[in-house]
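Next come two complexes, and both contain chain A; in the first it sits with chain B, in the second with chain C.
The block that comes next holds the complex of A and B.
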């Protein structure tokens, strides 16, 4: 197990190196400059001075080597648009916001998704199944920006039930978290439903019943754990995805998260921000994927880590 | 002998897209104290579904349509209860405690994500007031009883870490857990290798002397029943066609189907005898024949066999058979009209 995790981490570092290299050259290949917005206010001499200060006048190979050796030592440089602020600091302030929102959305997605899926699979009333399938079809096909806009418009503006901007109180979390969770809710409820229906037909459910276990025990002890296996496989990358922030949801609800920082750094050619956020989110993805494999092996004893 | 279980005129149907499949069509049988009853028949003869009806383990589309199932005189057929909830409540108390079942395929009947101790302790915790620790001790004892080596450490393992034979032993241990009055074994050796089959059969016949349960052994293998059973019922087309002691069935078979089955079994005493298969296939239970279900495959079929179900002919107080050939009219030499 330890050996397996070590191997995966080493592989992850290699992946990060490749990711950083590709991102470095691709961002430099984009036309434009981080100082383009300032050209009106600055003289050519000042621009040259800035380029020299941040090493942008050097040959690209040299820039790459300098950047990588600094990065290995944990120095990701300063933001080129908010000059003087280290990018580490920007990430440190925006990341917790995204994580808090992402975790809320993950919890909502798992609780609501598994709940709806279980209800759809087990309810004796056909309409329950139909309603859940209807919701999940809508959820899969409706883009999150549209859903977020509709929420903002109806719940936030017309009904004035919930605040629309920022993340100051728990109430602020409801709309953005649901916007993020809508798609995963739909996927998880579908997965739970189909896998639970399949599990209920298995022979071991008959044996469980033959031992005199109540239907509650049969469902919660014998069925759900088995039915959760495909859901967990899906949830691992889903959680990683939610933790890395959504530009759309963060922009619509004016949330200062990392997703918004990331996209704006690309449009302003803030090279050091692009690099740092890419490496950071890449590392997060890798760690979360390893974690989800470990959880998978924990739930399904037939999976052996390392094979 | 006191009857532990008595099934009276049980009928069970399965609703399918093609219509109602009448899997069990009026089965009546009794099971005495400490008796081992074998139910023999080919696939689709209704032998397993009869017993699934008794245990209340029919799949969702299955339904008992008439009949009584008396366990110690109490009717436990769902028809005897006012609601499904009442029925399930009663059955939860009985299943695993008074009646237990051993299943066919040990590879699919154990829950793959739960440890053996969890699964084995479940019936004990369901039906007794024992603490978890006491239940664990009892479970270890059970594993020893069914011949699983080093039970303490194996308890903590998962089903995939056991071989098929060992898994079947675990399923048997679960059935024994609460000393049930009735153990129903549904083809317990069918899914196993031949050598393992013999071991599991040995285990069951040894246990038979140790425990106080009555056993119902469902099988399609006459060899299996010969070694273990006191009494044998032959099922065909959802009906019991012949019942008798093992001697009645093996040395004095009456029904042409029983005779046919026996000539499919290799008898080591008659070396040169060729095995004779029964030609044809069993009847379609979507639209069961109104006469004898075996008529299309019977060499001795008469006109009446197609039209009317034969009544029961009694040969002794243990031996009965439903066949027109043994009707008094046929015995007189005249054709039964």
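The block that comes next holds the complex of A and C.
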């Protein structure tokens, strides 16, 4: 087990290294520079001084070596658009915002998704199943930006039920979290439903029933537990995805998170931000994936780690 | 698993319980002495020596006063300057300061100005408008080049003669010098707070400022909250106790928040609100706002057709500005621009653009003349002129490009539209890698040279305009001591740039629509794009 985790971590570090290298050269290959928009307001002396100060006048190979050796020591440099502010600091302020919102969305997705899926699989009324399937079809096909916008306009502006700006109170979380959670809700409810239907047909379920266990025990102890396996497999990457933030949702609800940061750093050629955010989110993805594999192995005795 | 489910359910229940008690934070309970402004981007910097973008500068004008600020028409009005004298050669400026205090009660002295200016001059590469100092003040350029510190600046031409008298010496006559004094790099600074070459102090509350407000909270990507400065010299006139700038990068988000009342002033909203009757009573705009939208012509590039003044003039005279404005649908916020300088830049008397237009609309449409010129240059249907027009992808720029293409088709010029991603576009334009390209500039200071200097041959990274006559006119204007005569020379320079040579093709000027809740009055705006909220009244 420990050996397995160690191996995965080493592989993860190697992956990160490759990711950082590719991102470095690709971001430098983009035409333009962080100062391109300002050239007509600044003097050439100033631009030269800026390029010198931030090392952009050096050969690209040298820039790469400098960057990597600094990065290994945890120094990811200063933002090139907010000069003087270390990118570490920017990530440290925007990441908690995204994580808080992401976790809320994950909880909503799991609770609502599993709830709907269970209801659809077990209800004796056909319409329940139809309604759930209808919701999940909409949820899978509706792009999140459209859903978020509709939610904002209808619930926020037209009905005035919920605040639309920022994350100041718990109420503020509802719309952005649901916007993020819509797609996973649909996926989870479908997964739960189909897997639960499958499980209910299994022999051990018949056995449990014939033993005279109450239907509550059967569903929660035997059926749901086993039906959760595909959901958990899905949940790993989903949680990772939620933690990386969404540009659309963060922009629309004016949330100062990391998703917005990532996209804007690319369009402003903020090289140090691009690098730091990529490495950081990459590391997060890798760790969460390892965690989800471990959790899977604990729940499903058929999976053996270390192969 | 059971535990996980239990946790999930209890977390959701907790969330719903919490939301139940969150509802009383609605805007109805907001005190009338507070105001929230939605801004379209991050507040990058609150150090006046360093701030580069209009958003940060708009926050800074609420926190600081310099020697001068612009009035509604772009003319200078005194802030902390009580009176001033200029030596006959235009090289020595002496300012007498008003009695005023910092927010912590200390008197503002000429020494604070001396330190502030020296600090900006030695801040280094990141002092965005530092060139306002290096370009004109004695000794400043050398300090900048040597990356010196304030202690090295004893010979720099900035000196506090006594507590209330400041002297600034220039290397050469700089007729627009008083204008650049409005910039943050010339603000006074407190040596005990504003450290050299470093700005982190500016992002944490607790330091004194000298304007209507002091900093209370700063988070670059979220919001900035300012509190009233009780020691401000006009504190009696300041009604607001709290002013919040909320970062909202999405225009639709600003519009929604304006409708729900969560923001009082939305500064970046979809442009169609300008012509939407639903916003008739809440539309707010800075009028005039100084910006010009134009086509820059590469007159020295690889396509030699554009080296021919007849071709350039034909392109200029075939533009139908009304058709562009019609497509953009900006209503009264947009106007046809016939010269390079937009409305809002003062002349000796009145407005520079308005005065010039009265004489001659330089770039006015004349299709027959355009066709004639193009024929003279050797182009017709058999040998059509083919050009490319570059712009960065965005709805407005695309609309303009398509109308231009149609316009130029009328005289038989085939224009291929090329769109680029924004930074790549700027890069191409800087490097002269274009034939025709879109351009727009807001002014850094309210003088015609803020625009005209752009096309001096030495001011361009790649000189797409390289005209000795033009350079000579601008140099001559700088030497001219009589302001009226100087303006005449600048009018001549503009005429050369547009009417005679068509190096640039002006299209339109505009002002962005904003939305202001009814019942709020007293915003003082100026053509530089500042909207000062200090004296606002909220009903």
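Convention: the second predicted complex is superposed on the first by the 307 of 307 C-alpha atoms of A that agree within 3 Å, B and C clash if a C-alpha of one lies under 4 Å from a C-alpha of the other, contacts with A are read in each partner's own complex, and residues count from 1 in each chain.
Simple rule for what comes next: a contact is a pair of C-beta atoms (placed from the backbone, for glycine too) under 8 Å apart; a residue touches a chain by one contact, two chains touch by 3 or more.
Please read all numbers here as calculations on a predicted model, not as lab measurements.
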item	value
Room on chain A for both chain B and chain C (clash or fit)	fit
Superposed model, chain A: greater residue contact from chain B or chain C	C
Partner chain in contact with A:61 - chain B first, chain C second, else both or neither	neither
Partner chain in contact with A:299 - chain B first, chain C second, else both or neither	both
Contacts of A:74 with chain B and chain C, given as first, second, both or neither	neither
Partner chain(s) touched by A:94 [first = chain B, second = chain C, both, neither]	second
Chain C, chain A and chain B - angle at the middle CA centre, rounded to the nearest 10 degrees	160
Partner chain(s) touched by A:225 [first = chain B, second = chain C, both, neither]	both
First, second, both or neither for A:206, with chain B first and chain C second	first
Minimum distance between Cα atoms of chain B and chain C in the superposition (Å)	11
Touching both chain C and chain B, counted on chain A across the two superposed complexes	225, 299
Residue ranges of chain B in contact with chain A within the complex	55, 57, 88, 91-97, 100-101, 103, 105, 108-115, 122-123, 126-127, 158, 160, 171, 174, 177
Sites on chain C touched by chain A in the complex	1-2, 5, 8-9, 11-12, 15, 18-19, 22-23, 25-26, 42, 44-45, 50, 52, 124-126, 128, 130-131, 134-135, 144-145, 198-200, 219-223, 246-250, 252-253, 256-257, 259-260, 262-263, 421-428, 430, 441, 444, 454, 461
List of chain A residues in touch with chain B within their complex	202-204, 206-215, 221-222, 225-226, 229, 299-302
Contacting residues of chain A [partner chain C, same complex]	30-33, 36-46, 49-50, 52-53, 81-85, 90, 93-94, 104, 107-108, 110-111, 114, 149, 152-153, 156-157, 160, 163-166, 168-174, 220, 224-225, 228, 251-254, 256, 260-261, 264, 267-269, 299
